[in-house]
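Chain nomenclature is as follows: A, B, C, D and E, assigned in order of appearance, with residue numbering initiated at 1 for each chain independently.
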Amino acid sequence: MHNFGPDALASYLAVASVLFAAGVLAIATRRNAIGVLIGLELMLNAAALQFAAYGRFRLDGMDVQGQTAAVFVIVVAAAEAAVALALLFAVYRTSKDIDLERTRELRS
Amino acid sequence: MVIGPLTWSVLAPLAFGALCLAKDRSARWFALLGSLVPLAVGLAALGDFARHPGSDFRLLETFPWSVALGASWTVGVDGISAAMLALSGLVVAIATISGWNQQRSPRAYHALTMLLLAAMNGVFVTLDLLVFYVCWEVMLVPMLLLIGLWGGDQRRYAAMKFFVYTLAGSVLMLAMLIAMWNALPDGQRTFDLRVLTTQWKLWESTAFLGIPLAAFGFLAVLLAALVKVPAVPLHTWLPHAHVQAPTAISVILAGILLKLGVYALYRLAWPLFPAQALHWGWLIGLIGVIGILWGAWVALGQRDLKRLVAYSSVSHMGFCLLGLASLSVAGATGGMVQAVTHGLSSSLLFLLVGVIYDRAHHRNVDGFGGLAAPMPRFAWILLIACLAGAGLPGLAGFPGEVMALFGSFTAGGYFPWFAVIATLSVILSAAYLLWMLKRVAYGPLLHPEHAAFPDLDARELAMTVPLVALIVLIGVWPGPLVDALRPSCEALLTHVRGAMP
Amino acid sequence: MIPTWLTTAILFAPLAAAVLTLLVPRANLAHGLAATIMAGCTALAAWLAILVVPHGVTYQGPHIPWLDLGGFTLGLGTFADPMGAIMAVIVALLATVVLIYNSWYMNGDKLAVRFPWQFCLFVFAMLIVVLSDNLFMTFLGWELVGLGSYLLIGFWFAKPAASEDADYQRLKGVGARGVLEHRLSPAHAQLKAFVMNRVGDAGFLIGLGAFLAAGVAGGFREPLGWSNLTQLSLGGLPGTFLGLSGNELLTIACLGVFCGAIGKSAQFPLHTWLPDAMQGPTTASSIIHAATMVAAGVFLIARLAPVMTPEALSVIGWTGGITCLLAASIACVQWDLKAVLAYSTVSQLGLMFVALGAGDGAGGTTAGLSHLFTHALFKCLLFLCAGAVIHACANSQDLHRLGGLRKRMPITAVCSGLAVLAIIGAPFFSGFFSKDAVLAAALLHAEDVGGAAWGPFLLACAGSLLTAGYMVRWWIRIFAGTERDHTLTHHAHDPAWYASAVLLLLAPFTCVFLWSTWLSDALAAPHTEAHAHAHHNAMLIASGLLVVGAGFAAVVFAWKSELATTLARALKPLHVGASELWGIDRLYDLVFVRGLGAGVGRLTAFLDLGSRDRLASLEGAAPYRRSDSLSLDGLIDSIGRLCGRIGESGAAWHDGRVGAYLAIAAILGALVLLMGVLW
Amino acid sequence: MMDPLQLLLPEGIVAIGVIAVLVADILLPAGRKNGVGIIGIFICAAALIAAAVSGRGAVHQMLSLDALSVLARPGILLATILVLIVGRGEQQRDDGHPAWVALMLSLALGALVTAAASNMVTLYLGLEVMSLAGYALAGWKAGDRQSAEAGMKYVLFGAAASGLMLFGMSHIYGLTGHLDFRGIGQVLSQDMPVAVLAALMLASVGIAYKLAIVPFHFYAPDVYQGAPATAVAALGTVPKIAATAVLVRGLLMTVPSDLAPPASFGWALSLAAMASLLVAAFTAITSRNAKRIVAFSAIGHAGTIILALAALPGPAPIAAAAFYLAAYTVANIGALVCLSVFENERGSADLSALAGAMRQRPWLTSALCLFLFSLAGVPPLAGFLAKWGVLREALHAGAQLGRSHLTVAALVLLASTAVSAWAYLLVVRAAVLQPAASQPNPPRLAPGTVAVLVVCAAATIGLGLWLDGFAVIARSLGGR
Amino acid sequence: MIELGLFWTCCLATVAGALGAATVRNLFHAALLLGLCLAGVAGLYLFLEASYLACLQVIVYIGGILVLTLFATLFSSDIMGAVQRTPLLLRIAGLAASALAALVAGRLAQIAIAHAANLGQTRSQPGTLPDVIDGTQAIGDLLVGSWLIPFLVAGMLLTAALVGAVSIVKRYRRHGASRA
């Protein structure tokens, strides 16, 4: 297929889709909160990659908005990870565990 | 702005209810005063209608509320609502006397009673559909708390069941209300019942989920009303509520709350959707007949006195439905008379059950016997109450029942047959009430310790004797009451018949 | 001219007496006051009768509308015609004398002070029935009469059931095997009487409704007035109503009203309350359950005679005939002296209905009314005599133990003897005259119509035969022969002078000459060749029945008493059947009281709210049981439980797993996107 | 075009407030840090005043200060003030109070930005500011296991939702070449396949998550139950106001033509609304924790709000949604403040722990009942009138505009009202009807808490009687 | 040719890293695989002429987030050991969710490629490596230009995150488990 390659949009979108799906998979199936966090990063990367790719492949040349949006995604991801890790620490302090199967005091 | 008597009949209970919160000792006096205001207003209006019969709305007042929504505080009474207003004042006054010695948080108790009264009066006097609905729902809350806080062992179950059951019954009415409002042309939207009544053709021609809006609205009002009446098979909240509620609240429940269902049919279902009423009248009649018989038969199988009286209410309220549905003047008027008189007689019965519950601390009918010897006054009044319930001529139970029956006999369609079936209830009502009377009051004294029961004291006489007097009065001379109610019923039926194709 | 206040005054005198005596705390005073007022009332009633009866006029008194129901009104008003006037006199007279008698009878009873006002209330109600000018007002009085009966049957409300009453067990007769002793008490008897009357009244109401429907359809403003009802039958009927022809509607109406009469007049199949009603004071029974109230049914049917259709009449005749024989057969084997009288009342009322069933043309109405009037007086007398005996013999009512009282109670013996002669229809006694008229009417009707119409006549004859037998037996066992139980009877004596005077006052009315021709004239009995012929035949038949019945009884009970035992053994099935009251009480107790009443009541109660366990566990104290969903309330709760179940299955998804949360959200979201938008 | 600085004055004040609070935290000595709460309250008040005077306009196609944000701003700020007042009373001796205030202000800032966002980037960032502040607030109860768990779940689910949203945004960007709503709308109004709406829906997942709409509601029960009640009062209201505002703007600016079915946003909205209502009502009745019940009720109320939005376009549905939000906000804050008092005194908001509340604190329990009845929609309280407005819009769209699925949705709303009434009654039963052994006399409530409750109660009753409210709001939106 | 090889290597690294990070049992390995994935994405950024983004990716993600993550795996009681398995139902659901997510993403990508109005599916001037300065400059211009507001908001976001994270850690370090 000629549509795939460094110069084709489809290849980036495909990679991003895989990242996205892998992220969903990780979030859904990981028992360990860190694993879920890893999945989250995968999803965010998929989005960022797609932003960058879409920004690049415009009819009227490169649109820097895509890249910039991706920058924000990375920044927010970092901030999110920090807060998430802080809360994981809190859970670890109170439950001595961050296994999501075992820290389920809140449930119906 | 001058506030007129009808607005006062809603405001006064609210104001006195607020005063009730001040002090434990004075709360009951304020509650009594608060209930006397609507009683006075209602009686005055009723007297006016009895002297000058007419189907018009009197004592009209209007205060604008929302022009955009077409909602306003519009009040006015015709004979029907005047009678209901007087009844509510009377029954709450008597219930207040019944709860005179309430020890547990009397302030809250009396204040909630007043809130309940205000809401009920609001329903009776308003001519605005939105206000009607608001008051209709508001009364659930004080009732919930009154049953749930001052009730018997299973009060929580009973109170919550009452609340959710009646709420579920009336939610569709909200949809109806809004759909009707939407269906009106822009700029003419209003909740004024007098206007809405004239628009009945519009509800017939507006579609709602594939059926005419009128059909949906009729169903909605019907559901709300039948739950409150309560009509079989939507009645099973009633025995729980009655059994668990304190005596005074049972009195209010039986005396007024149930009448709201009937009132809603008279004020909403029939006027707003006359064509539907014509079409489905037989069904209401059938429901009424089924309720009459079923309630009576279940009452026959009861051991708990309160439950027995509760089922007698189910049975008696069936006559209201039958009478109204028959679309005859005699029947419709009779249904309303029955609503009033049942308010008196069932209140009396509940009061008397409360009297012996206070003494024996149980309500099992098999646990009594021969109380007529130590408590002759009690036994005589109980006899009158039972006979009134059984529809003996000369007592209040008779006119309404017989008018409803005669209305059905003279109506067409299935109604004569309904009346034939409903007539069986004269046997059953005599059976369950007098059997109860026999088991409670007559025969040898079952428990020697009951010999020490004191007869009715001054307070108990004060709450029962007015009811007895009214029961005899209306039974002997129902004319004024009927004269006050009949023109409104006649106008209603004329309106309904106008929808005949 | 009749003063306009006259009927009203007659009507309200008893009410005034009731109200006044209610305020009087002393028994004698109350009795005296009531008797005085009732005496005045009797005088007024007599005046009215004098004004009305000789001229055969009808009088419409004041009338007011009571309920204005749009298209029609239901009114209250007074009305007098010969039959009503005579009835009013009889009611007032008997009330007066019974009040006097009762002041002796209840002397010393703590409850005696209640008697006059309850009694006067009853008389008021009875006079409403008698003097009303429309069917609706009659119904009002009808129901109030029931109330009076209810109150007076339950006069001694605190008495225990017979099965637990030592006195009753000591004194009871051995023959009453069909009586349900655990249900035999004033408190139960009053309930039974009221409810069984209500069964009839339900029919009455339906009849009333049918008349009303017909009347309203016919355009009458006051559809239930007597004259309007008469017009109805004369062609004022609508063509069809509810798919019924006018005649059918009228028949239904008549039969409905007759149901009321069946109840009030204790006709088969609603006769079982009357024997139980003997639990009340004998004095009350004498007028309520013998003379007047039970006759109200007859009076009402006679009143409606112009309206009655042939179909309705034949039902009336048959019912009367069956009742007449049935009750007589039971009366033959009763050993309780009041029970014999009670069944004899039922039987005699049946006889009256046989007459009414013969129809106006055959003279049935006048015959029935004549018998009603004569019966009222002699049956009242019989009851008062019975009361004297019971009072004298330590409350014993057992025909086994009484006997030979003629020497100790001569006045009572003579008076009751006269009354017995009257009831068995001995010549020169009032019963002879009226019973002859009844049989004549039935005979004439049977001859006219033929076929099944012979049934009532034959049943009436059989009943009359038995009547002669058991009444003679009754008198012989009480007054003739020798003392059987000295302990019971040795104190016996006639009642106090004023009570004896009452008996003596009533005794002359058993004589035929006080009644005969003027009564039939007053009631406008037809006088034709056929009637004369029928009377002739009926007289022969009646005399024959009398001779056979009374003679047989005299032989058996006065002379060869072992013959009775032999006979009982020979006719064992009949004897046992009659002793068991033909099983009717037991059947009713099983089917209606325990079955349709308590049984169905419990069943519907279960179907409605569920078992008692369920009610006890509503706050969640006990586990939920599947069977409780069968009940209506359980079903409603099941809806709630279903909501809870749905909620629980919904809540199961909220199990605290973040991964699952995202998976579900992603799956649902993706499915919506894929199905709704992307493809 | 107005000066952006003036337009964004409230946002600016709040942003500076965050910094000011942090500075104050450093300056104040330990044990005296409680005064910071006052600063927070004044900052919000100042922002409120600024919001009243700042005009309307757009900033760089990033923020749009239109009628919606003008309507949302006071709501956000007032809710924040109420929570700040309560929090100040609650955290008398907590040295973390300044940080808490800073986070609350951040939450408000995020909400302000979100409510005004007219660009995917600002929308995303605004939501994230709200989220990040919220995550920390949820886990705020020091050393509390449930609070920590709530925070963790909040952050994990929230980040996942924002991941989904970002993914959708990137596709929108790719498909249309624009990140601002207007540009997107312009492209979408040209010839584009309907499927593009899928990207929009994906991008609105973040909003759905903030509103707690099925199926993005799962976190809500757990978080509400575990997080401190005061935090929940903020988390359950402030973001919802913002999310609703931006959802309306997004719908109006991006989604082409009308919202009529099939295969459109309107359909999806009513579907989600019905699902939310039903899930909330049925699941709530099985809950045994008052805050969890409030959480489920919040889900149902979110469903009601988007039911109103499904009746777009036109000012009336927005007015209905706005009124609903107002009614919901006061009642929700009021209820949670009451519950927070009980939670702090009794250690838990489990239903079993509420027994005897009426005996112990009659007025507070009465207030709780008032708020719960308002949430349940009992007239004449605000919740009823609000529900009335939404029903009116839904039935109007259903009958008069021919979207009959909205009529069905309205009936579902009514059914869920009846079912969820049971859930509220469970709380009422536990607190009012359930007797308990005698409890000690409780300490006096902090005056701030009392004031907040009085304000909420007055608003709950007052809004319920303000029938003209819809018309007034609709008129203020009329400029659109 | 080398460029093409590098591209496919990056793609492979990204995909393999992502799938591995999502599936391997050992959490530490998963974190390392995430690093691989992130590096691959950084490479792809270079191919998209987004060198600034690539730098940011390397510094922030691989440098910051990954280290944090690796560090945090130490909380876990089962860093290297036998990981307890996720419930089967949840794994199936996760797979389904992931498959559906892939489907949605793929479909959206397909639509984008087929229908997007102003989207070029291939790069107009292939072959040259990105001009680092220009791209970065453009980003900078944008951030102080029309994207100033997001830029400022991002600053507040970082502040909030910082305050939140620090205070949470502080609060929980002080208190142990209070509710068992």
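The working rule: contacts are C-beta pairs under 8 Å (C-beta built on N, C-alpha and C of every residue); 3 or more make two chains touch, one makes a residue touch a chain.
Model, not experiment: these values are computed from the prediction.
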item: Third chains touching both chain D and chain A; value: C, E
item: Reference chain C; chain at largest CA-centroid distance; value: E
item: Chain pair, D-E or B-C, that carries the greater number of C-beta contacts; value: B-C
item: Separation of chain A from chain C, taking each centre as the mean of its C-alpha atoms, in whole Å; value: 94
item: Chain A-chain E separation of Cα centroids, rounded to whole Å; value: 5
item: Computed distance of Cα centres, chain B from chain A, in Å; value: 64
item: Euclidean distance of C-alpha centroids - chain C vs chain E, Å; value: 99
item: Chain B: positions in contact with at least two other chains; value: 156, 164
item: For chain A, residues that touch 2 or more chains besides their own; value: 16, 20, 23-24, 27-31, 36-37, 39, 46, 48, 53-55, 58, 65, 68, 72, 76, 79-80, 83, 86-88, 90, 93-95, 98, 101, 104-108
item: Residues of chain C whose C-beta touches two or more other chains; value: 640, 651, 654, 656-660, 662-664, 666, 673, 678-679
item: Touching chain combinations (by label order); value: A-C, A-D, A-E, B-C, B-D, C-D, C-E, D-E
item: Sites on chain E touched by chain C in the complex; value: 86, 90, 93-94, 96-98, 100-101, 103-104, 107-108, 111
item: Touching residues on chain C, where the partner in the complex is chain A; value: 651-652, 654-660, 662-663, 666
item: Residue numbers on chain A that touch chain D, as the complex places them; value: 16, 20, 23, 27, 33, 36-37, 39-40, 43-44, 46-48, 50-51, 53-55, 58, 63, 65-66, 68-69, 72-73, 76, 79-80, 83-84, 86-88, 90-91, 93-95, 98, 103-108
item: Touching residues (chain side chain B, partner chain D) in the complex; value: 65-69, 71, 108, 130, 133-134, 137-138, 140-141, 144-145, 148-149, 155-156, 159-160, 163-164, 167-168, 171-172, 174-175, 178-179, 181-183, 206-209, 213
item: Complex contact set, residues of chain A against chain E; value: 3, 5-32, 34-35, 37-39, 41-42, 45-46, 48-49, 52-62, 64-65, 67-68, 70-72, 74-83, 85-90, 92-99, 101
